[in-house]
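Structures for review follow.
Both complexes below contain chain A, partnered by chain B and then by chain C.
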Partner chain A sequence: MAVLSYVIRRLGWAVLTMFAASVIVFAAVKATTDPAASLRGPGIRAEDVQRFRDDLGLDKGNVEQYTTWMGNFLTGDLGESLKTRRPVWPDLRTAIWNTVQLGVVAFAITVVFGVLIGTISAVKQYSWFDNAATGASFIGLSIPTFLFGLLLQIVLVLKFQDWFGGTPFYTSRMNSPGESGFGIDRLRHLVLPALTVAVQGIAVYSRYMRASMLEVLNSDYLRTARAKGVSERRVIVRHAMRNALIPLTTFAAIDVGAILAGLVVTEQVFEWPGMARYFLVALQDGDYVRVLPWLMIVVFAVIIFNLIADLLYGVLDPRIRVG
Partner chain B sequence: MQRRRGRAFAAVGLSLSLALVAAACGDDDGDQTSDTSGGGTEATNETGDQQRGGEIVLGAEQWPECVNPITQCANSSWTHWAIDAHVLPKLMELDPEGNYNPSPVLDGEPELSGEGTDNGSGPFTITYRLNPDAVWDDGTPITSEDVRFTWQAYMGTAGAVSLAGWDQIEDVDASDPQTAVVTFKQPYAAWGENWGGNANYLLKADAFDGRTDLSNEMISDLPFSGGPWVLESFSPTEAVLVPNEAYWHEDRVPLVDRVTLVPVTDTETQVNALLAGEVDAIYPQPSPGIVDQLDTEGIDYVFGAGVTFEGMWFNQGSLKNPNTPLKDPAVREALLYAVDREAILDQVMRPNFPDTEMLNCGGWVPTVGEWCDESDFEDVTYDPAKVASILEGAGWAKGSDGVYAKGGQRLSLTWQTVAGNRRREDIQALVIPAVRQLGIELVTDNSDADTLFQTRLPQMDTEVGLYAQTAAPDPTVSTIMACENIPTPENDFSGQNYLGWCNRQATDLMHRADATPDPDARLELVHQIGDLVREDAVWLPFYQLPLFTAWNSDKLEGPIGDTTNSSYGGFFNVYDWSLRS
Partner chain C sequence: MADTPAIRAGADGGTFRAVPPDTAVPSELGAPGNQNLAPGPTTVLGSGGPASRKPLSPGRLAWRRFRRHKAAMVSAVVLILLSIFVMFPGLLTDWGPNEGTGVRLEGPSSDHWFGTDTISRDMLSRVLHGGQISLQVGLAVAIVAAVIGTVVGVVAGYYGGVLDNLLMRVTDLFLALPLLIALIIMGRLPQRQAWAETLIGPIGSVRSIVTILSLFFWMGMARIVRGVVLSLKEKEYVEAARALGASDLRIMARHLVPNCAGAIVVTVTLNVAAAIITESTLSFLGFGVQSATTPTWGNMLNGVEGYTRTAPHLVWFPGLAIIITVLCVNFLGDGLRDALDPKQRKEA
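And now, the complex of A and B:
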């Protein structure tokens, strides 16, 4: 019951947070952008701009615009884009799905390699592998995402073509012309952006994992396990890693929520039509009707995954449970 | 295709690559683009013997969010360059030099009649005779009813970007299906822009069941075609054009079976996609170093002079500094001679774009129509002595800090441009110390593009601006230079005259020019406006921003690059492109 009450309380705060965020972002978007202001050029007259504003209701009071939007949102109507008149939801849904694909693949690479490298580094502390991993992780953290993405394009596509006469990778986009859906072609397009996203994650996760493992490896219960004759492999995999993963798991849960906001640089460099590009284009258009649902989903995801992280912590470590 | 050899990069992720390389090399022999060149038949047209069939993939630097030619989507050049200009017909078309010509839809030049034709007042009528061969993609003829409907649709669509010209029309007589007689309420010089010109089209009346509010139509499809291509599909990630089988104008019958346009909006990625063979041609805004990147076997490129011009714009009505020294004509005049334009070209532009020429027109460019009078700013050269003479003659004197001052006001100006734009920031870095030595202080006050163009310029929150304007084929500058278009708090910041320049004589000339359909008479008026722009030192023109088409010459042949400078973009004549045999 205590856990249920806790979850309900957190969800209540989530609703309040989403409402506050929507007000702040609506005000920010209205204050800094104007869909009509992008209408410029010798053929566009002042009366054209005013008529445009009238047609789209841009001159109505901000409170009226916001409450109209919120009223529709609460009834499940996300409305139509101010610019394109396309319904908001189908495009947003597609952007979510695209980011999820990239995020999941990148996240999987991050976790697998991050945990593996961190574990080996800890077990072989101060070995050549540990030193190399430490150096590589600092490089991974330091190199700007856009630069790493472009390097991957040059090395794994252009140079690869020169060296081997072909390459399995693509510089950009989700599919080749005429292709669609999640298949081999999509996977080949996914490799470079996923690696670009993953490289920083691996650097961070491997450091976390190394530190966490070192802490566990020196604990009494492992010494006891060894003394009882448990094999070293079993000690590390079953006893050490399991406990070392607890802080990383909660950290990862928070990361997953943040991924849904999109991967700004990577999506731009690799022409990946995900959440970040959706947001940037909508913001550029001053299209608050598109920006606000994006915001709601992102805030909701962050809150939910934070909640999951908190709950997971309790599940994984029985000492920390809501009492 | 051979590629440029470069430094070996660290093979990050090589092991992962090797895991997939076998599959890649096996399925398409290393070429990522689908090989559709086989099985073609030889065809003969005006471009010579070229192969028919196959597919071309074009990379678009910006991606239209929808394809509606009337609503705000039409405000993006790429809506026209990627989609609309290939599919929708026009009555009057622009050639690459920016001159209006009858399109294949017309049977000869339109007839202009009425007293207003020559003298700027009185009745004004245009008679368009339609080509009897002109048909929509379903084979039905293009008629005067379509001309009439198009006018009604532009007028009736909520959120239409511009009604310029359309709202000047009194009626369109469609009683003869082959003849459309358009009567204007008053003479209208830019008549070529309606149903054609830069960004307007002819629409098919039957396609919309009588609806004239098309704001919710043509979002992701164009349900008809009167151009060489039919839009088969459009999505946020891809657009496919296929030949219009009913197209009647044999010079523009497409040679390939399919053109796929894809967005590649990052400049570096765009170049890499071309080098990798993922796209066959690109039409990017040239960026520093792009020529070096593309200087490789199998890639050709061509520069065009461009239709966008850049310079220093002096805001006399600045609200950033309501007492701006720019209100003093002597300050503006001195700035013309204080900025070394030749140095800007030599040190910023020409290292990347060697053919860049200095621009001397008052508000037009020499590559769009005949409106540019290159003598306007011809006399303006870097001249420190003249700067001192002009300023001191107007009562300015150098203070102890070396900066001129007058009546307690220092000659210090803020200078706004787009933060992060390397070209513009390089210009600022070059000019600021140079003019400081002459006693003029320029202080950078840059913003991101959205803030500058959507907030600061419209609200006159600038002083000296460094940005570009686009030269439209119609030479009107009323919207950006006439008195009534200065944004002020009183008019709720409407208008685009971000110069705050109000010269009644010039504004009268602009109004007369806009109502003078006769090209010769109008040219004279435009040149008089240019003279006043120079006389008042309204701005300082620098150069035209070049345009650029690059393509895979191992795969493509034809007159590629010929429309680089066209209002319709570098891909416009893709109907004449073909795959190499």
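And now, the complex of A and C:
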């Protein structure tokens, strides 16, 4: 019963946060964009501007503008771009899908390497591997993501070409001209940006996993398992890793904001036609019709992942299940 | 949100993510066996005994611990040298940062050690002048954020109750915002809002970037200071001060904040690194300090994606400047943590 009320309370809190966040986002975008900017210039009459403002309802009260916009957004009507006059949703959907491809691959790389490195570091604490991993993560955290992407381009692609006369990787866009779809060509475009997004995550997750693993390795139940004669491999994988992963799981769910920032920067470096580029272009255009739904979707996603993190924590670790 | 892992100051801004507690360098890399160094108390307490040594001041003890962290010592030297060259670019180059040299996109040569950029400016001069802005922004953001964070943390920790709850919820809210996107949006405020322009300066100015970054860098400090204050406020000496009739303000300013100094200095240092990373990222994306006349390490990299093949020196030099600086500042922070705040290092 306590669990159910916790879930309901947490859900209510998330909805409330979403509402507050949507108001803040709406106000912030209204304050920073100029919808009539595209109309500025010679030969534009004041009446035209006024008609434009009336069409968009820009002179109505703030509350009314918000409720109108939110109503349309929730019913799936995102309107059409002020700049390009194209409907917003199809373009935005493509951008989201492209970003999800990159994000999922990057996240998988992050988790696999983070967990692996962290586990080995903990099991072989203070070995050369552990020290190298610690040093590497310290350096990794000191390199801005965008710079890492640029350096990867220089080192892995251009030097590679010099040395071997060819390169398996591409540095920009999702497909070579004439190619499309998710095949070998896409993968060759995907590797470097995914690695770029992943590198800081690997640095952080491996540290996290190491700390969490060390805690578990010193616990009584592990000694019991060993005393029962369970093989060392099984002790590490089944008994230790499973429990050590709990804090990492919740951390990963909270971490979407950081992954998002990594994606924004990386898409710019590798000209990946995803959400970040959509957003940056829309913002440069001052096109609130494109900026607003983008921001709402991102903010809602962050809040939902936070909610998932909290709920997961309770599910995975019965000790935390509090009323 | 109450159960989220501890968010570490310093790294949270620059990497846009929370960092686990032991991301510090292992003692093998930096300070071998610094934990074994017996700190003062026994010596000081035993000063009446027969074999008493002269007690070491806290400052000397801290220096001794810092000196053992080799990476931090080296970093300090590198940073001092770097600051000198950045402050006096004339020591290394005669070119001005915005002066055309007549040769475009030339690789490093004896005339231009770092080569020239797309519109023929000397890269060495720009890296040095850009360093002035990048380092200034890093320091300014860390210091302003430290003031905000310390005030929030000490008030929340000292008064507790509803005020504490309120302040910590606000802190959580700021931590939950996607930092980079919030900064991009906020940075455009002066463009459309006259009040914002008077308050924080025109869009793309150094002042506006420092102000906006500071608004998103204080949360780690607030949490850390609050934590220290919570553990200090029940101590006898605070009790004594109160009994003597000291006001709340005096207790906070004279008794609590000074005792957080170690943690504050460490956090400020790590925040400098994080702020440099964040500024460079923003400027790289074209939303930071505007590049027309004011180079920064970040905006020098704005638009270089297309040149990685033909002119990689455009990436290498500002890039290495960022990496070396951030790495050294982080090592310095790590050494300072050993020296000033040994309790914060978890015994691994």
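Rule of thumb we're sticking to: the second predicted complex is superposed on the first by the 257 of 323 C-alpha atoms of A that agree within 3 Å, B and C clash if a C-alpha of one lies under 4 Å from a C-alpha of the other, contacts with A are read in each partner's own complex, and residues count from 1 in each chain.
As a convention for this text, contacts are C-beta pairs under 8 Å (C-beta built on N, C-alpha and C of every residue); 3 or more make two chains touch, one makes a residue touch a chain.
What you see is a predicted model, and the numbers here were worked out from it, not measured in a lab.
J.: Let me test your reading of the model: by the given contact rule, A:Phe164 touches which partner, first (chain B), second (chain C), both or neither?
T.: first
J.: Thinking of the overlay built on chain A, is A:Ser172 touched by chain B (first), by chain C (second), by both, or by neither?
T.: It touches chain B and chain C both.
J.: Considering only touches as defined above, state whether A:Val281 meets chain B (first), chain C (second), both or neither.
T.: In the superposition, A:Val281 touches chain B alone.
J.: After superposition on the shared chain, which partner residues are touched by A:Arg188: those of chain B (first), chain C (second), both, or neither?
T.: First partner only.
J.: Which partner chains sit in contact with A:Thr145 here, chain B, chain C, both or neither? Use first/second/both/neither.
T.: second
J.: Based on the superposed arrangement, let me know which partner A:Asp34 touches: chain B (first), chain C (second), both, or neither?
T.: So A:Asp34 meets both chain B and chain C here.
J.: Now for A:Gln50: first (chain B), second (chain C), both, or neither, which partner does it touch?
T.: Touch partner of A:Gln50: chain B, not chain C.
J.: After lining up the shared chain so the two structures overlap, which partner does A:Pro273 touch, if you call chain B first and chain C second: first, second, both or neither?
T.: Only chain B is touched by A:Pro273; chain C is not.
J.: For A:Arg85, using the defined touch cut-off, is the partner it touches chain B, chain C, both, or neither? Pick first, second, both or neither.
T.: In the superposed model, A:Arg85 contacts chain B only, not chain C.
J.: Go through chain A and flag every residue that touches chain B in one model and chain C in the other.
T.: Common to the two interfaces on chain A: residues 32-34, 150-151, 153-154, 157-158, 171-172, 268-271, 283.
J.: Could you list, by residue number, the parts of chain B that touch chain A in their complex?
T.: Chain B reaches chain A through residues 3, 5-6, 8-14, 16-17, 20-21, 23-25, 28-34, 55, 57, 65-66, 68, 71-73, 75, 158-164, 190, 193, 198-199, 215-216, 219-220, 236-238, 240, 260, 262-266, 268-269, 272-273, 275-278, 450-451, 453-455, 458, 470, 472, 474, 476-480, 484-485, 491, 494-496.
J.: Which residues of chain C touch chain A once you look at their complex with the stated criterion?
T.: The contact residues of chain C facing chain A are 1, 3-5, 11, 14-23, 25-26, 28-29, 176-181, 184-186, 188-189, 191-193, 273, 277, 280-281, 284-286, 301, 304-305, 308-309, 312, 315-316, 319, 322-323, 326-327, 330, 346, 348.
J.: Tell me, which parts of chain A touch chain C in their complex?
T.: 28-29, 31-34, 125-126, 130-131, 134-135, 137-139, 141-147, 150-151, 153-154, 157-158, 171-172, 200-201, 203-204, 207-208, 210-211, 214, 247, 250-251, 254-255, 257-258, 260-262, 264-265, 268-271, 279-280, 283, 295, 298-299, 302-303, 306, 309-310, 313, 320
J.: If you look only at chain A, which of its residues touch chain B in the complex?
T.: 32-35, 37-52, 55-56, 81-86, 91, 94, 148, 150-162, 164-178, 184, 188, 191, 195, 268-271, 273, 281, 283-286
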